[in-house]
Amino acid sequence: MIYMGSPIIIDKLLYQPKNSLIKQSIHAKEIEEPLNGDGFGMGWYVPVVNNEPAVFISVNPAWSNRNLRNLAPKISTECFLAHVRSATVGDVSESNCHPFRYKNLLMMHNGGVENFGLIKRKLREPLSDELYNWIKGQTDSEHIFAYLLNELFTHHKAISEEAVIDAFERTFRALKKLMADNGIKEEAYFNIVVTNGLFFIGTRYVTDPEKDALTLYHSEGSRYVVEDGITKLFAPEDGDNAVLVVSEKLTDDKDWTLIPKNHFVIVNKGLNVKVRPIKA
Amino acid sequence: MIYMGSPIIIDKLLYQPKNSLIKQSIHAKEIEEPLNGDGFGMGWYVPVVNNEPAVFISVNPAWSNRNLRNLAPKISTECFLAHVRSATVGDVSESNCHPFRYKNLLMMHNGGVENFGLIKRKLREPLSDELYNWIKGQTDSEHIFAYLLNELFTHHKAISEEAVIDAFERTFRALKKLMADNGIKEEAYFNIVVTNGLFFIGTRYVTDPEKDALTLYHSEGSRYVVEDGITKLFAPEDGDNAVLVVSEKLTDDKDWTLIPKNHFVIVNKGLNVKVRPIKA
Amino acid sequence: MIYMGSPIIIDKLLYQPKNSLIKQSIHAKEIEEPLNGDGFGMGWYVPVVNNEPAVFISVNPAWSNRNLRNLAPKISTECFLAHVRSATVGDVSESNCHPFRYKNLLMMHNGGVENFGLIKRKLREPLSDELYNWIKGQTDSEHIFAYLLNELFTHHKAISEEAVIDAFERTFRALKKLMADNGIKEEAYFNIVVTNGLFFIGTRYVTDPEKDALTLYHSEGSRYVVEDGITKLFAPEDGDNAVLVVSEKLTDDKDWTLIPKNHFVIVNKGLNVKVRPIKA
Amino acid sequence: MIYMGSPIIIDKLLYQPKNSLIKQSIHAKEIEEPLNGDGFGMGWYVPVVNNEPAVFISVNPAWSNRNLRNLAPKISTECFLAHVRSATVGDVSESNCHPFRYKNLLMMHNGGVENFGLIKRKLREPLSDELYNWIKGQTDSEHIFAYLLNELFTHHKAISEEAVIDAFERTFRALKKLMADNGIKEEAYFNIVVTNGLFFIGTRYVTDPEKDALTLYHSEGSRYVVEDGITKLFAPEDGDNAVLVVSEKLTDDKDWTLIPKNHFVIVNKGLNVKVRPIKA
């Protein structure tokens, strides 16, 4: 889940919605494995302090984390993202928890590459020494982020929306090639979001165009408020807007839009939501 | 789950059965709340060392506990018990994890008392100073164990099967009276086991005789072996026997027997299994 | 350590001072046992959200806590307190970590009562049911806080500075009597702070007037800023003031004042610092 | 610390000695940084079960680990090793805790390479895919073990004392060359032990022969018993022998022998202790 919009107390996003991320950590509804009990992480930006995001991570399940329960009602932010993990590649350890942070950038990933070990080594090879040594854990996700950062810094001078989009497309092409060259036939799923706190780029991608991608929704131009104890989405008022992109709908409201398969969703502080195809 | 019998590697009990306790920690089949992700504990006896049991406890979910995975294949014991917790009363903390140990005795509990706070204080009042201060956590379970120990030491000079049975009946009577006196109308569930490593007493008890008790099974006089990667129960051979008492069947075999409601199950090193009514 | 003053990024208090609390968690200078590695806790007020404080607690050592390192540079507050623990009474568990919170009040304690088990039970007896059941852990500190709250709510209608002071004096008198009645001859140390975010009351107290109390300092009417990577205390400027009360000096500056033995230190949002004798 | 000898309850090694490893985790005496509070790990062999060692690891300090306290008095073994960590390279995470295990082999390391990031990538390059992907953490230690295993499996068909010695020498030569080629001028310290439960090879090595190596002692041919609550070393009796190799003396006894700098210590089940120069 990623939120961008008017300042919000993160408790409203994490605990109050009917199908909140915390509830998803116990009973996810739209995926096969309903339990995401192998860790939790969140990141948020506090621009009055500086442009580096705060990150809070837990290898314990989100639903019983006392610090998280205590912090959520006290943190207000304009850009927030959170992730619950069901371990596939990599141990249950802090190094493997999303979001991953590199300086002022955050990344998180839902999906994965089967038999990632077959391409891990080759994916690391082109990395700069700095990014090579920056990797701390074992996940495909963190390695993909490192590769994407390497493409970003190699081919672009500044971090713009277009630069991140280009780095994504280069990364997906490279991953597909590496998978093909190393005998990975299963499709891979890349629902990924990268943000610098000022804009975010999300992807809903599957390497095999015949297969369905994992779900990814956005809710555009609406207010996100709590009424009668339930978080609801409302039509926007002046100066009080928000965009949410989520893997699972947080509420039963109808204004969730499925992002088309193999498309980007691009959102900035102006809360303009753009959707466009991924060329990879 | 409690096992008594020929020495067994605990991995065979924890991980290998089709519906093992570890799998139950993710997907329990016979109870309403299918997730027991709020901690794990196990105890076992190593009589060649001494008569105090070893205890291993984790506030993390059992399914991702690396130490547990590593220890299970190395520990061999004749008396083993294990518990997965779905927190009802009390935080997710080590002090609230079962089994509870007092000297050479272990206790664990499946069930609970609604609104336990209404009787907690009165339950503590008769305790000896030593037992009063021995309590470390917040659970109804630990308090019930302390009360039972107090009855045991007050009315009996030695820890025998009959003494423990008497202490159980006194405890259940006291609990029912306290509940009635303090306006707790909901039935309470006491599937409890107490052991000293030489015998164990289990209860399948509900305070309201109109209601069903939580399930509790035993499998008597059979061998417990692994074949084709699956743990199965076999007819006993000479000198290779075991008794298991469990909240949920570990296998699909037919030789699990439901213990009658409001009955004790009594098992000793000779592996005689007795079932008799609880007078409370 | 407790801070009240102009909004401050807590990183400046926790990590940057020469003898910061985090460094104290490894090498405390002014006490016998130099290691405080048995847990960490902090609380702070975010009045723009509500008057209940946030609490963050860790049973791991403060010095290696990744979440703490990440959160500290992002939290700005006008009232902050933090505590490192060297376990004396009570296990290393979350329930035993300071600060303790009751609604909008926080309390933390440096010191303790020898053989606390001898009076624990009697200290609980007068508590209201609510406070009795509110206690979660095993420490003398949490029990003393419950007793103080009980005195506060029994004898006062509102939480004022005078009410808290009176509750402190009643509590210390009760503790001294209980200790005397139950054969505890060793002196007890009560360096305690209680706050509601609007004012705080600290005590530097030892039950035996012949003995020295644990150290407690305040630094009054100065600014607290970072210069050349080192946090320093400066003479106040208009509208930029702060008061710090600490068990150990955070810096080598000379403007730390030792609070007299068996005295209160009383500080409110106006940053007036009053010191007065404890009548107990 | 590594122990090989008659079966011993590991509590006798971990907790009872005057300067036990657990005490060293708080106050190490012979090194600069006296605190080893960044994790603990131990491994032991249970040959009656199989030849793979058990491993128990904790990111919490050893001194307050309740499971460790409970397990230590119940585990009896003929080959035991334990390690306390003061984090230098790598986060405080389970993946970075010693001992590292590869199948039936265990390795632990005291020491390190300054600026390890400068050679990490090159050290990984020659690894087989399997060993490349086997690495889970960030430490120099785990990478060195992977390199040593790669040398072992490349140049030897079986795991013998001579094969391990050869792999050590190849590894140290490679490390020295990589360091020289990449501008690492600081000496590196490699006090390492590798064992398969049947023999162990320890090294006391520093890359710069002008510098002192970290301490490493052995105590040969003596019994290791507890008397008057203190663990002491005694002259051997028939069939009751043991060898200990440690970074710090566990007792004040005089029969600790410093292993010469840049030498191997080689010990097998027969408890013959050989010391010979490292050719690297």
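Should a chain be cited, it is by its letter among A, B, C and D, assigned in written order, with residues numbered from 1 in that chain.
Following the convention adopted for this analysis, contacts are C-beta pairs under 8 Å (C-beta built on N, C-alpha and C of every residue); 3 or more make two chains touch, one makes a residue touch a chain.
The structure displayed is predicted, hence computed values, not measured ones.
Engineer: Are the two sides of the subunit C and subunit D contact the same residues or different ones, given that same means over half of the numbers occur on both copies?
Structural biologist: Mostly the same residues form this interface, as more than half of the numbers used are common to both chains.
Engineer: Fitting the CA atoms of subunit B to subunit D, what rotation angle results, rounded to the nearest 5 degrees?
Structural biologist: Fitting subunit B to subunit D on C-alpha positions yields an angle of 180 degrees.
Engineer: Name the chain pair with more contacting C-beta pairs, choosing from A-C and A-D.
Structural biologist: When A-D is set beside A-C, the one with more contacts is A-C.
Engineer: Nearest whole angstrom, what separates the Cα centre of subunit A from the Cα centre of subunit D?
Structural biologist: Subunit A and subunit D have C-alpha centres separated by 41 Å.
Engineer: Counting in whole Å, what is the centre-to-centre distance of subunit C and subunit D, each centre being its mean C-alpha position?
Structural biologist: Measuring from centre to centre gives 42 Å for this pair.
Engineer: Give me the residue numbers in subunit D that touch at least two other chains, ranges are fine.
Structural biologist: In subunit D, residues 66, 91, 94 touch at least two other chains, as defined above.
Engineer: Report the residues of subunit C in contact with subunit A in the complex, numbered from low to high.
Structural biologist: Residues 9, 44, 46, 48-50, 52, 54-58, 66-67, 70-71, 73-74, 76, 94 of subunit C touch subunit A in their complex.
Engineer: Name, in rising order, each residue of subunit D that touches subunit C in their complex.
Structural biologist: Touching subunit C from subunit D are residues 26, 35, 37-38, 59-61, 63-64, 66, 87, 91-92.
Engineer: Okay, in this complex, where on subunit B does subunit C touch?
Structural biologist: That would be residues 91, 93-95, 117, 120-121, 129, 132-133, 136-138 of subunit B.
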